[in-house]
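Naming follows writing order (A, B, C, D, E and F), and every chain is counted from residue 1.
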Amino acid sequence: MARTERISLAQGSGGEPMQRLLRELIWPVFANPILARQEDQARLAFELQPGEQLAFTTDSFVVTPLQFPGGDIGSLAVQGTLNDLAVGGAVARYLSCGLIIEEGLPVALLRDLCLSLAKTARDAGVQVVTGDTKVVPRGAADGLFINTSGLGIIPAGINIGTHRLAAGDSLVVSGPIGEHGAAILASRQELAITGDLRSDCANLSPLIQTLLPNAGLHALRDMTRGGLNAVLHEFAEAAGATAVIDESAVPVRPAVQGLCELLGLDPLQLACEGRLLAVVAPDHAEHLLQCLQAHPMGQGAAIIGRLTPKRNVPVILNGLYGIERALPPVSGELLPRIC
Amino acid sequence: MARTERISLAQGSGGEPMQRLLRELIWPVFANPILARQEDQARLAFELQPGEQLAFTTDSFVVTPLQFPGGDIGSLAVQGTLNDLAVGGAVARYLSCGLIIEEGLPVALLRDLCLSLAKTARDAGVQVVTGDTKVVPRGAADGLFINTSGLGIIPAGINIGTHRLAAGDSLVVSGPIGEHGAAILASRQELAITGDLRSDCANLSPLIQTLLPNAGLHALRDMTRGGLNAVLHEFAEAAGATAVIDESAVPVRPAVQGLCELLGLDPLQLACEGRLLAVVAPDHAEHLLQCLQAHPMGQGAAIIGRLTPKRNVPVILNGLYGIERALPPVSGELLPRIC
Amino acid sequence: MKYVDEFRNPEAVARLVEAIRQRAAALPPRQHPWQLMEICGGHTHTIFRFGLDQLLPDNIEFIHGPGCPVCVLPQSVIDQAVALAQRPDTLLCSYGDAMRVPGHHGSLLQARADGARVQVIYSPRDALDMARRHPDTQVVFLAIGFETTAPATALAIRAAAREGLTNFCVLCHLVLIEPPLRALLADPDLRIDGFVGPGHVSLVTGNAPFEFIPAEHHKPVVISGFEPVDLLQSVLLLLEQLQQGQARIEIQYRRVATTQGNPGARAPVDDVFEPAPLAEWRGLGKLPRSGLQLRPGYQAFDATHLLPDSPAPGTLPTADSTTEADPRCRCAAVLSGKLKPGQCPLFGRECTPDTPLGALMVSSEGACAAWYQYRHQGPAHGAH
Amino acid sequence: MKYVDEFRNPEAVARLVEAIRQRAAALPPRQHPWQLMEICGGHTHTIFRFGLDQLLPDNIEFIHGPGCPVCVLPQSVIDQAVALAQRPDTLLCSYGDAMRVPGHHGSLLQARADGARVQVIYSPRDALDMARRHPDTQVVFLAIGFETTAPATALAIRAAAREGLTNFCVLCHLVLIEPPLRALLADPDLRIDGFVGPGHVSLVTGNAPFEFIPAEHHKPVVISGFEPVDLLQSVLLLLEQLQQGQARIEIQYRRVATTQGNPGARAPVDDVFEPAPLAEWRGLGKLPRSGLQLRPGYQAFDATHLLPDSPAPGTLPTADSTTEADPRCRCAAVLSGKLKPGQCPLFGRECTPDTPLGALMVSSEGACAAWYQYRHQGPAHGAH
Amino acid sequence: MCLAVPACILSISDARHCLAIADSGGVQRQIDLSCVTGDIAAEDLIGRWVLVHVGVALAVISDEEAQASLEIWSQLQDLP
Amino acid sequence: MCLAVPACILSISDARHCLAIADSGGVQRQIDLSCVTGDIAAEDLIGRWVLVHVGVALAVISDEEAQASLEIWSQLQDLP
């Protein structure tokens, strides 16, 4: 029988087939002494110095397709959670990993995705210390969903967050936007689009570490679902301010722009998975930009606008011809347009 | 339009419809000051005393149907994770909550399930401090999946775990087994079975707190997927021993037994969600049993067997007529039999 | 991108704006501004996206026309599409644009959330591919659009016929640009002075659908491209005609549009379709010979056969028509330039892009939707 | 549970065991033990679950018979079921028992993991309900079983016929108990001394299928219930006959079984089915008139019509038959009591419940599977 | 083969199709009575025990015979 | 209405059905050339730019006319 070996419901049953899956595929991939104890909970001999805070975050990853140019759901599941820790100034330490597997997923694919997850974690110096594996019937999930939760330490003295946003602050992006969203859209079979599109997904922590010493840094956010648009609205609302963006200053790669022209989409709404928006006091903006541009992950960084005292809309785009217009919030699912 | 209000993909888009969902449904339900900061990560001013350990666990909940006699996916998602913390001796403190919602889920149902989750957490004295909400297309999930990760503190001096298991130890269950699995099976439309079946799902922490002072307590496990059978195999393997069970000592409620007779299933394989197996030094077993029976959640507790030096199989059942037989591990999905 | 970036050049725009300003100043003085209607929603989109209306001098004003196939889609067609999508064996394929348009029982997005099978596609060929890949599924393609979009639909139907695909059919609401323009221009109060013609319709049709405008109404038409430089050039050409008292069709979009249009694009349409006696328009009512229907030889591809109360083959769906959902709706006045969107009493209150009541709020190309998104975010911020 | 717990009573069991021991001691001495075959897998299950074989004296031994409809299911039927389940519009409904049985291209469980639609049901009526609830889905019910199970299948088919359900049909592999017993008893080397008769077949059929055993082979038969007390009583009754040199049919399971059986259960079967000329058995090959097929009036419910190379209507599936997957398989010897399961060279090595090679390892009722699960967990632990 | 369980008829759920609700050890399911209503009306089976296989009642359990069966072993102690 | 984008023909992917691969700003998709091959063979369109709407090329772009269009504004500075 030359059947592709596939995950069966039995492997989620709690019995021997599941133990075998864990023993042969899951545990070896994530091998570390804490996980190896096979208890229901990881036991961490954690130490927190005075002034340090514990950062805790969770994200589920439901990307389709599971593998895409530039990454896969495994690497993304680590990067996304590490980024959510990093934008709070935290140094990531431990991850959990919850797999929800659809019956029928090829075992080889699952292994590749878990290896990718484990490698990304290892490269980032974090351990997957606790996990859970569920198998659901065909049609009850879409191949594989991964939840990761992350634990990290925010060093004493770090104080960034939306509470520090203020009118006058400069807005800086770390690179061209929309590349993850564009790569995912193009990867979907039904649109049958190819091109020079790669997800920007990345662990932003090393980049963020270089920014934290900047005394003018007020807040960071990784731009994920809803893209730059969503973070601008979130920050404007949190600051009680209006974000004014120079449209032509926003870096967009040609292929992303091309895809958007073809499908009638706005790059500002496309997701990123390895870009951040930094908000910084105006007199520290240049220095922050230089820090970003000096790092391989921030070469395409740009100052794109500023927070201003509140106006009638939360986000304003200053267009190519100097005309301001409102940037409406993302209003739903991204639908390609023909008109 | 008298449409049932249903979750739409737009509500997972990162844009305004999603913000509205979070603002109007999710955040109010979980209301607490840490979550209210709406950062990408919870920031916890955690303090660990010397000797204390941090316990970290994760579980995804994929139960069908979403509501069942005795509970729902929301309460279960809290109880399951709290139990995984508690069996390590930890006092739970914080939870994360990752929702994966299938497009089309009635909003009222989602609200009920979230309220149930929040209430269960509140009743247990833990806060949901970080979360994530995804919406996937119809057919890409089964209504709702919930991942929770939990953080707790293991007090200094607590040392239970599989490393302490030893031949000679007594095996004690906290109550009748298989009730969750039986209730779920019966709730599935395709079998069309009704009866006096209620999930046993419960937060075991209060019960476990009464057991921890017992110096002979070696290990605890909540019996979930694979039921008592799975935990016996896990413990026997970890201890390098054989578990010998008196079949007639294992408490099984009549309706659970009835369902098993009807469908040709073994109650030892049915999941529990509020029962534990305790392993205790033989001379402390009686005392542990009394502690259990003194607590409302442990009234049906029973000593069911013991760990013995390793024999040819990991688990042996001593039957009604004194004949020993091997208890094979759960070999897959639970399939009703006609012969 | 080539043929895009050059036509957005800020310097070119600045010079064109200056030339327009000078030309406008030379127009005869009058009380109300000179009104130019851009027929096509694509132009409306460009105007708002780049703020071109704000670059124009005070005495020149854009009026946003009826040329958005989504805005004019009647609720009855959405109802039919929803009914088809709800059939258990059926997959409804739709352009993204039509997904949010409300019918009487909600939109296709809502129907999908309720369990109907709906797939967003980019090209009619994608719907055809769905039918090929899923032989056990009845694929229904919701074919909307003007003359520009009809050829792709016709080509897909011809391919299905050639292959003998029996699980592919089309719910057809293809419409023609001339009838609504005629209806609009029949209004004796219409104040519009000139028309920016829809370049992408024209490159298929040629000038024919627009010839009645100068001929019968003595108003100039300039067939325009869709980038800022195109549109501003077209405005300039219109002002020149107005200044000189001329009224003829000019083509600004010469890189693709010609007087004759593209007969190669019309041929498959003529083969597959014929004019329908009546078609319904949201906001405009029923207009004679304003739509296309399948010719008798292609009846097998008519999805209305699958509907429970299937109308006589070959007629456009007209059952249960409501041309306007709310009597307070002022779409007609906005369309004819008598009111600005913000002056409709429903604007931004009951009528928003998430809950559109009138035709012009439905698609992001609609005048009210564009106004809402780019100018306002609700009435709390005032009318301007 | 009433009629269950009383028949598991340990005191009753102890007394019965003691009586058996005394009776066995009174049997004439001989070299090899007295072998009693429990025909039915249900009895095998009880024996292993309660360890009844270990309670018997040394000179009494159970031999596990062919009476498990899952164990004897040929690979070709599974292949057909898989092929049907893979059809995009088809839902295959199966008893849980048949899900793990391997065909040539894997089991139904594997097919489902690969994307085929398979639903586990408890009753044929549940399959019928599926067809009613999903009128656009072709529901195929994999009907396996002996005479006990045939009435439920017949009732479901009659209900479907009455309702005019066109999306319900049956892949039928209903078999009869007498032909395999005849085949077994035809073996001149067979050493079995008496038979524990299958109570649940008997309560439908009455004694008829077993009458040839005392009549033609002069061996006693006791029709037995399925609880320990039932089985041990039956053993006792068999020993009495053996001691007295008798050979007749006795009924221990009198609370439900009678000499005549239940004509009310046979009536729907006779209405819907007729004997098939041949049926295939895993491990036994093809046996004449050993199965049931739909009568001509019920051909519309024959799922084999949906198969690409559909056999002539009314014949049981026999294409591509392999009666044994592996030539080293010793199922036949185990079945006839010549070998214990653990003595097969494949047992616990290549042949395990997860990867069954022979018929007797397929279902948890199979002699080898029961032996494996209750006695051993692989060869590492030795043969006993 | 042929797992069958005793069940007590609680009520007739569909008289026309001879369907009843039956209880086995505390769980209830709809079963088909049509094979056991040759000599007895469905309603008269309420409170009686039947033997159920794949949702069909195949026999009415004779309590007398059951008791007789159980008495055998109590007499066994007198066995020689 | 009628979002259309310029695209450069890269190759003929299916000559029989007149399908080509075209590039718009770095992304490629299959498009249908059959409406623009009246006067010119499909292969001769390789390297040419067309205007694409819903996957169908509706016109071959005239570069001369495009340049002429662009020259208008450069002459505008001379305007009175």
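In the analysis below, contacts are C-beta pairs under 8 Å (C-beta built on N, C-alpha and C of every residue); 3 or more make two chains touch, one makes a residue touch a chain.
The model shown is predicted, which means the values in this text are computed figures rather than measured ones.
S.K.: From chain B, how many touching-chain steps at minimum until you land on chain D?
M.R.: The least step count works out to 1.
S.K.: Would you mind naming the chains that touch chain A and likewise touch chain D?
M.R.: Looking at chain D and chain A together, the chains touching each of them are B, C.
S.K.: Can we say the copies chain A and chain B touch using the same residue numbers, with more than half in common, or are the two sides different?
M.R.: Result for this pair: same.
S.K.: Farthest from chain A in C-alpha centre terms, which chain would that be?
M.R.: Centroid comparison gives E as the farthest chain from chain A.
S.K.: Which chain pair shows the largest tally of C-beta contacts?
M.R.: After counting contacts between each pair of chains, the winner is A-B.
S.K.: Which integer distance in Å separates the CA centroid of chain A from that of chain C?
M.R.: So the centre of chain A lies 38 Å away from the centre of chain C.
S.K.: Can you give the whole-Å distance between the Cα centres of chain A and chain B?
M.R.: Taking the average C-alpha coordinate of chain A and of chain B, the gap between them is 30 Å.
S.K.: Please compute the C-alpha centroid of chain D, do the same for chain F, then give the distance between them in whole Å.
M.R.: Spacing between the chain centres: roughly 71 Å.
S.K.: Two or more other chains touching the same residue: where does that happen in chain A?
M.R.: Within chain A, residues 8-10, 17, 137, 191-192, 254, 257-258, 261, 264, 331-333, 337-339 contact more than one other chain.
S.K.: Where in chain C do residues touch two or more of the other chains?
M.R.: Touching at least two other chains: 1, 4, 41-42, 68-70, 95, 109, 122, 126, 145, 149, 354, 365.
S.K.: Can you pull out the residues of chain E that are in contact with at least two other chains?
M.R.: 1-3, 5, 24-25, 29-30, 53-54, in rising order.
S.K.: Following the definition at the start, I'd like every touching pair of chains, please.
M.R.: Final set of chain pairs in contact is A-B, A-C, A-D, A-F, B-C, B-D, B-E, C-D, C-F, D-E.
S.K.: Can you name the residues of chain D that touch chain A in the complex?
M.R.: Going by the criterion above, the answer is residues 104-106, 109-110, 112-115, 354.
S.K.: Over in the complex, which chain B residues touch chain A? Could you list them?
M.R.: Chain B reaches chain A through residues 8-10, 12-19, 37-48, 53-60, 62, 64, 83-85, 87-88, 90, 94, 96-100, 129-132, 134, 136-137, 139-142, 145, 147, 149-152, 154, 161-163, 221-222, 224-227, 229-230, 233-234, 238, 269, 271, 329-334.
S.K.: Can you list the residues on chain A that touch chain D in the complex?
M.R.: 1, 3-4, 6-10, 17, 103-104, 137-138
S.K.: Which of the residues in chain D end up touching chain B in this complex?
M.R.: Residues 1, 4, 8, 10, 13-14, 41-42, 48-52, 54-55, 68-70, 95-97, 99-100, 109, 119-122, 126, 129-130, 145, 149, 228, 353-354, 363-365, 372-377, 381-382.
S.K.: Under the stated contact criterion, what part of chain A meets chain F in this complex?
M.R.: Chain A reaches chain F through residues 186, 191-197, 253-255, 257-259, 261-262, 264, 337-339.
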